[in-house]
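Report on one structure; see the data block that follows.
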Amino acid sequence: MTIARADGRAYDELRPVHITRAFTDVPEGSVLIECGNTRVMCTATFTPGVPRWRKDSGLGWVTAEYSMLPRATAQRTDRESVRGKIGGRTHEISRLIGRCLRGVVNMEALGENQIQLDCDVLQADGGTRTASITGAYVALVDALRWAKENGKIKAVSDVLLDSVSAVSVGVIDGEPMLDLPYVEDSRAMTDMNVAMTGSGKFIEIQGTAEHRPFSRDELNVLLDLAAKGNAELQAAQKAALEA
Amino acid sequence: MTIARADGRAYDELRPVHITRAFTDVPEGSVLIECGNTRVMCTATFTPGVPRWRKDSGLGWVTAEYSMLPRATAQRTDRESVRGKIGGRTHEISRLIGRCLRGVVNMEALGENQIQLDCDVLQADGGTRTASITGAYVALVDALRWAKENGKIKAVSDVLLDSVSAVSVGVIDGEPMLDLPYVEDSRAMTDMNVAMTGSGKFIEIQGTAEHRPFSRDELNVLLDLAAKGNAELQAAQKAALEA
Amino acid sequence: MTIARADGRAYDELRPVHITRAFTDVPEGSVLIECGNTRVMCTATFTPGVPRWRKDSGLGWVTAEYSMLPRATAQRTDRESVRGKIGGRTHEISRLIGRCLRGVVNMEALGENQIQLDCDVLQADGGTRTASITGAYVALVDALRWAKENGKIKAVSDVLLDSVSAVSVGVIDGEPMLDLPYVEDSRAMTDMNVAMTGSGKFIEIQGTAEHRPFSRDELNVLLDLAAKGNAELQAAQKAALEA
Amino acid sequence: MTIARADGRAYDELRPVHITRAFTDVPEGSVLIECGNTRVMCTATFTPGVPRWRKDSGLGWVTAEYSMLPRATAQRTDRESVRGKIGGRTHEISRLIGRCLRGVVNMEALGENQIQLDCDVLQADGGTRTASITGAYVALVDALRWAKENGKIKAVSDVLLDSVSAVSVGVIDGEPMLDLPYVEDSRAMTDMNVAMTGSGKFIEIQGTAEHRPFSRDELNVLLDLAAKGNAELQAAQKAALEA
Amino acid sequence: MTIARADGRAYDELRPVHITRAFTDVPEGSVLIECGNTRVMCTATFTPGVPRWRKDSGLGWVTAEYSMLPRATAQRTDRESVRGKIGGRTHEISRLIGRCLRGVVNMEALGENQIQLDCDVLQADGGTRTASITGAYVALVDALRWAKENGKIKAVSDVLLDSVSAVSVGVIDGEPMLDLPYVEDSRAMTDMNVAMTGSGKFIEIQGTAEHRPFSRDELNVLLDLAAKGNAELQAAQKAALEA
Amino acid sequence: MTIARADGRAYDELRPVHITRAFTDVPEGSVLIECGNTRVMCTATFTPGVPRWRKDSGLGWVTAEYSMLPRATAQRTDRESVRGKIGGRTHEISRLIGRCLRGVVNMEALGENQIQLDCDVLQADGGTRTASITGAYVALVDALRWAKENGKIKAVSDVLLDSVSAVSVGVIDGEPMLDLPYVEDSRAMTDMNVAMTGSGKFIEIQGTAEHRPFSRDELNVLLDLAAKGNAELQAAQKAALEA
């Protein structure tokens, strides 16, 4: 493992993580997460009631929407509202975030309430979907604490089955690496996003090898890296939530 | 003028203004403007070339897009990208911002280059459109300085005819007031947004009196307040740009 | 004031105004208004009930939609229905018309009924939005008279707080002018639409100076012209309604 | 044939037809056609050049768009621009009008020029699609005369192969009838729109019998009625064009 | 009648017809119809209840949707779902199919139930709309048989007033022809789709002569051909339904 | 491993696979793949030239679109063309199929040509996305053979780096299972789609555990099952391509 990374990190080293709670005033949960230069604002909105298709089920619902501000990127991206439709990438990421967060929520304990997670990327430098998942979890906890204080749920611990975070791993010039910034991500032959619980289980694995298939051995190395990264992200989440 | 304002301000007093330049790293201009609890991220994107309808005119173009994040407001607002169309209010404000900024730009000196201003409201507490104009001006100047440094224009002073800021004024329970937060704005009988240049001229006046028509005398008082407020906002812009 | 106008009018002279009531047979109010070559068909539809968000408020609602037929203009304009979305200009004007008409309606006296004003421009020669407001007012009165006759409201005079009309003013080559046709409008440095009540108060002022900021003195001259023009338009409305 | 019609007409009698040319000033052809209470504004726009798929073919193109103003009908219809899409009925009628007019145009003689026919229904009382075809033909002739005068085509007679008009026929309570107003149209068991040339040939037959199939004999009676009606409409077109 | 057809058929000869019932497993009716190289999958969905506008009428509803798979044609056609709107041709054909099938259904006997017919063209070689009608009828019958077996209707024969099929006829190089494949259809000067009942009456006649008007005599020849073709198609429907 | 599967298969047994080539006549590749009751029509369209953003790169492009016919499912699904937008699930699957197929194509050898894969689900019984990938590969090979025969590429073997197939695996009531039909899929706590090359490497792994996180050990068992299934699917692909 001797390839130098542009930012001087070791191959198994995360970028600096900063989690700011109460980033804005009104949402039930509002978090700014910074992973290196990637910055995502994650808000959690708690609303009594569930979508029509889930009414009278006794179960709650958690959903997510992801979006990039036009100048989150080096080249300005046209707004999807102006184009009049949501692109495939946005749809794919919104669905991923929603599944990951639902994976740690007990819908029965949540009751017929809905939590909407909005992840808006202020600045993009790789790993925006994984940062969104990691940040949205903290916003979710804050929204549940608000719900507990306001008598909407019995206990936060009933609703939360576990914590969840996510990180990207990839193979760059043949070397497995943890937490890819844009410059590495765009060169990766294999690219994998791994969401894990605090107890070390998988909630979502999305590995794609459009540019070069990967072997079972490589997969195992990548999953080891992801486990290390997620453990560190979960420590950061915990520290932020205890602050 | 004896009505108490919820935040204790005098009737002719602005909310605290903070302007942060280089709020994000990649845009040619990136500004966070805070007017009380209202916070808008304004970026300016400088692109060589102009839209097709303006080609070979020798003239530049300046345009703006305004948007609110879903939880900028107390009640979550559905994304316009999800609804598949831009609402009338968004259209109206985007067009207003564009006109105001074009009002201080010499399109010939800009040459066939385009500046796109994106104003994304992170938190809304009244006056988001006027804060957008005031903040976008600072982002515009930064983008022009970038353009000068990168040899895209000859001099910033050639392109900028003047500065521009905007502020809201309104009549609350019969009393004219400067710079309305949401709690006042929603009760205003008359509501006016006034964009003025650094030299004290008007670029845009939009007064609406859906709830009670206003007299010429009231108009004059409101315009006096707006002139005072804009002068102070322009001082804040200048201080930020000299920092 | 020595600049000759293309149509020989004095600087403070309106174009000829013709208001035809009952232009079509079925609407509760149906008006053709002609201001010079500008012709707008304005219909008012009275419907029992209000939109969902206003139910059980005891209040009525008035709303407006503006549109141009494809060959209202010298160059054919593509239909917004074909493009699949409403443009910003259309949105902006529809909202303006709605606000102006709501400004003279007592929503409590209207009760839970809705009036929809449709302003369709058959021919455009400048001032289509102000002609729409002036014509829509007459259609609104006819719809209220219909409502009174059909027992939907108690008295027209309870619902109508005042009359409303609108006119454009602008500065052409440094000279303030009243009621701009297209040829003047497109050269105006400053352009203002002013909606006023019969009692001489303002309902809406929209002044834009994209091409040259204007001073407080110029504003005052323009408002004097607008007051004169609106008084004459209101005389024309009155004459039409008494016919 | 003893059933009384609501408007007192004989079963084989057209409603009164009025054709007003130069209804508006700017289009190359602008016609108001009135068939009883049905009123349609038909404009013809002549534009040099053809759509991309027809470039360099040496052939011209004729196309049509049909639309109803919201209060053309007793119940207000929502605008298709507001709904964001064109309905099936509108699509179907626009295509029908286009085919009928193309049926009398020599595309080679028209050269690479396009004529767009816009048929906007101001008031609807049955037969709007057939009135549109009949009126659009007159607008088309005026646009071709304009084109001849402006040197865009060699001769009107080269381009026009024939005239075209259209009329509805139907079976009401078992009786064939010519030119159905809304009150009859909505009760018709069989409904047919027939477009014919001045020389008595068919360009389009659209017969639908959703409510009761019709026999070959009935078809023949209906076609006889349509032939009579179209001959009279063509006389009205001719008179208007000679005025 | 001496012109040779590319596929060697006589001028009054249908292409080979194959009707496969239960083409897929789950729909209440599922039919693959093949007319020469044209192949359409027609499914019928029986659903209790009717659209809102028809509620409490005691009447049923039958509706249809037509679509082409992207590579049904020699050149790939973009999906309408990707383009975000349905084209005029699709709208026109969907409406045609719906009218034809409704033409043989007794809505009172159907009761407040809805049947949706989906006609998806797997391969297109002319006559896709007429094949859709012919195939949809068979799917409709299967859905009604299912409804009878499941106690949703009293008897199939109460609901079905008659059978219906459709075929295209046209004039190619001056010769009337039955059942046009694409190569003929694209050269036809006159093109007619004729839907007829088993008892030999017309449900829909759509004749278009964009390229050369046709005379009453030609019409009569074409209708004779259509009657012959429809009788044969109805024999094929009957055989399939008895199988 | 003692749980009985509804269809009597062993836990590591694929459903019967049938691959029909030349399912329709015109596409360069046209395949019907049946995996149990799941049936997908996969066509490959070869077009010279690439999308604009890839021009002059010397590289080809492969893309995919996935769609379900309305009655592929037990409950009819509304068409996305009718709803006017593509849903998130469709977007996600289309992108997945595209990435998998691009993963085995040498874009340089393909040259500036595009292959569009259309996967239309005729009948859905679980595993539609994996069946689409497996079938699309066969259609891709046929399109490349067509391209070779028509002189568009030098050799099929230059363009194809490997074969690719995909299969689903999941945990049902605690037991890992291969190739889930709908009845199992909807009960799966963990669900994974695995695309592999003929040489046994991974192109895409998408594991989701919305309902119960999975451990590293479970992952390993699931990947073993997927490897077995993919090897068998690749044998079926090979047999079909040699037929």
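Letters are used for the chains, namely A, B, C, D, E and F, taken in the order the chains are written, and counting of residues starts over at 1 for each.
We take it that a residue touches a chain if its C-beta (ideal position, glycine included) is under 8 Å from a C-beta of that chain, and two chains touch if they have at least 3 such contacts.
Given the structure is predicted, the values throughout are model-derived calculations rather than measurements.
Student: From chain E, which chain is the farthest off, judged by mean CA positions?
Tutor: Farthest chain from chain E, going by C-alpha centroids: B.
Student: Turning chain A onto chain D with a C-alpha fit: angle in degrees, nearest 5?
Tutor: To map chain A onto chain D, rotate by about 180 degrees.
Student: Which listed pair, C-D, B-C or D-E, shares over half of the residue-numbered contact pairs seen at E-F?
Tutor: Among C-D, B-C or D-E, the interface that shares over half of its contact pairs with E-F is C-D.
Student: For chain C and chain F, what's the span in angstrom between their mean Cα positions?
Tutor: 59
Student: Taking the mean of the C-alpha atoms as each chain's centre, how many Å separate chain C from chain E?
Tutor: Chain centroid spacing, chain C to chain E, equals 51 Å.
Student: Give the residues of chain E that touch two or more other chains, as numbers and ranges in rising order.
Tutor: In chain E, the residues touching two or more other chains are 84-86.
Student: Which chain B residues qualify as touching chain C in the complex?
Tutor: Touch list, chain B to chain C: 85-89, 91-92, 94-95, 99, 102-103, 162, 192, 196-197, 199-211, 213-216, 219, 223.
Student: Show which residues of chain A lie in contact with chain B when the two form their complex.
Tutor: Going through chain A, the ones touching chain B are 24-27, 30, 37, 39, 41, 43, 45, 47, 65, 67, 69-74, 76, 79-82, 84-86, 90, 116, 118, 120, 122-123.
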